[in-house]
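Same chain, two partners: subunit A is paired with subunit B first, then with subunit C.
Entry: the complex of A and B
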């Protein structure tokens, strides 16, 4: 059947990667870029679980996904703290304006 | 059918989180995406990680996002994108084609089909795998969490040395 769980997860994973890349490339808001990064990591986690299920090693995939969740949370927290500092220093979240200030 | 609905829900909420102009609503769409992803993980048999993703991905990260938006404030930026939209779509399609090129041939391999049948018999060893086979990962996670907390404390507190220097400069100028 074409709508089985494996096919759905493959489509969702590829779709999430696409949306994340699009968001990170198009968005000018720093906070939105962090959101795009979060979406890409969710796609990676789904891919881990899918590969574990397909290989019959779901527990190893789960332990790797757990590591990804912790790492992703720390990355998100540090990135948001940096965003707050950028806002305090430059007064904007627009990466175009920030890069202009650097020149 | 439920899997398809969850998948469509994930993609729609992820797309809306990118398209939404208000940051607070973006954080809420991201939380919904996390919750649906954890539901899909649960349906794939990864219950332990699904619970962690639901509590951390949909809960903690959303709270941190709202906290950061509260401090930094919402900002309406111009609609002009950083990169031309057609170019961004080309990059997305290219990434999709590359993923399909790498993933699809591997999924036809016979060992995948046999592995799929063995999945149910191998389930239930998550605790052993996490605490024994991947104990280095667990230590690394603890170190990462401490590093993250220390970094955030350092970044969010005002720098007392910087203000001290400014004050001393002011005093010298006077």
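Entry: the complex of A and C
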């Protein structure tokens, strides 16, 4: 059976990572990059749950995923705070426009 | 104090001081200007107090081996690597706090700085003690979050904001990759304990290789391994100087330690990890040195030279990971400690010049190479400190940088492999190349007429000179008696080798 639960979750996880990375590479808007970052972390959480389900340690996997949610929220808060500050300072969210530091 | 309690205190003290310093700073902010400085003293006292548990834990680790502490199912274990990392962190943290007393004085948001600095130290001490892959990741992420905030500390400066965003995005992608690696290992093994995993690792197959690659890429962002290094020069040059010293001296090395721990677990899956580390080491040296040559800002140049120095460490660790030589790991850890001292000294000296020339006038200019002209005439101590730090980084013989590089090169030669012999020669030549950008700075400070900026500069404070003198002593004394560090590097090296299954 190709459409069983496990296969669907695998496809969704890989798809989410793909979307996230594609979005972060293509988009020039800072906000969309943060969204991409969040998608990637959500995919990682799904991967944890999936591996917990496969090796029969779903409880441990869930506790790990909960911890990831907490740290991930903090990262999101910091990222959004910086984005707000960038918007106030530069008046734009275009990453080409805010890139001034020379190599 | 028994070692278990001391270990607990060592982590709780700095982490607990963080909210206290913040609240005291906030509460006194509105009351009176005089009380406002209280936050900085809270931080200083805490960092100083951390020395006491460090002493007890350190004695126990050196004499009786690893100290472990159990909270529920989480085990914290301080072994040789953890001890070396914590000792470096606490030492550099103390010196940076003393330096910041006048550097950050009356800066807007000073209490946040003093809240975040001990938190950063505590997170790194925790990272050194993690014995569980997921626990390692949590400490790593905590360290990353505190350092994002510190890099973007001057939040009104466009450059600092850009550096903060760049650093955050790259580093967060790196930690997501690590997370995927951990979930792969969890899938295969059903446990995340580093010791238990080591025995199962031979059965991981291709998925184990994938996890290793994810660890290498993910932790590699933090350790500034070359294709993922682009955040580093921006972050190091835009952060407050004390934080540049912390970032360059210990934060990237903490990333390296985390990577070594994670890869050590997978040593039975593949024997190629050591060779990969060597490859990245070469890349880091070449790119770091070549990019540093064309920099015009002092702090950016120092940041690129950090890349090159990480390259040497990678070579030391790579040699011991592929050949099982303890000399390589000991040299790598010795270089880690020396780098914290040398690069910390260089950043603090550059920072005190920035303070004297620009910051004390309320300007946020970067320190350009031209500003150093004739600095020795007005700032003899700072110029001397910067010169010694630069020459030690370049690896001139009587200084500590030479000793650790020499130990790494000797380990490379000890393998009796032709390829590694060439690699050592190449690394030696790279050291010579690095003098190409260090020496002109020394020349400028001592042999040019003072620049306009230097003539108008303000004097530097005593609390800035004090940590510089301490680090100067470390750099010079360890150059003459490198054996004084082997009580710390030898246990670290044997823990690393045990981690890689030798």
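Here is the rule we go by: the second predicted complex is superposed on the first by the 99 of 103 C-alpha atoms of A that agree within 3 Å, B and C clash if a C-alpha of one lies under 4 Å from a C-alpha of the other, contacts with A are read in each partner's own complex, and residues count from 1 in each chain.
Keep in mind that, in the parts below, a residue touches a chain if its C-beta (ideal position, glycine included) is under 8 Å from a C-beta of that chain, and two chains touch if they have at least 3 such contacts.
Quick caveat: nothing in here was measured; it's all calculated off a predicted structure.
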First (subunit B), second (subunit C), both or neither touched by A:98: second
Touched partner set for A:40, first subunit B, second subunit C, both or neither: second
Between subunit B and subunit C, more extensive residue contact with subunit A: B
First, second, both or neither for A:52, with subunit B first and subunit C second: both
Partner chain in contact with A:8 - subunit B first, subunit C second, else both or neither: first
Touched partner set for A:74, first subunit B, second subunit C, both or neither: both
Those residues of subunit A which subunit B touches in one complex and subunit C touches in the other: 17, 50, 52, 54-57, 61, 64, 67, 71, 74, 78, 82-83, 85
Contacting residues of subunit A [partner subunit B, same complex]: 3-6, 8-23, 25-29, 31-32, 35-36, 38-39, 42, 45-46, 49-50, 52-67, 69-74, 76-78, 80-85, 87, 92-96
Interfacial residue positions of subunit B with respect to subunit A in the complex: 1, 3-4, 6-7, 10-11, 14-15, 17-18, 23, 26-27, 30, 33-34, 37, 40-41, 43-46, 48-49, 52-53, 56-57, 60-61, 64-65, 67-69, 71-73, 75, 77-78, 80-83, 85, 87-89, 91-93, 95-96, 99-100, 103, 107, 111-112, 114-119, 121-126, 128-130, 133-134, 137, 140-141, 144-145, 147-148, 151-152, 155-156
For the subunit C and subunit A complex, residues of the former touching the latter: 134, 138, 141-142, 144-145, 148-149, 152, 155-156, 158-159, 161-165, 168-169, 172-173, 176, 179-180, 182-184, 186-188, 190, 230, 233-234, 237-238, 291
Residues on subunit A engaged by subunit C in the complex (per definition of touch): 17, 24, 30, 33-34, 37, 40-41, 44, 47-48, 50-52, 54-57, 61, 64, 67-68, 71, 74-75, 78-79, 82-83, 85-86, 89-90, 98-101, 103
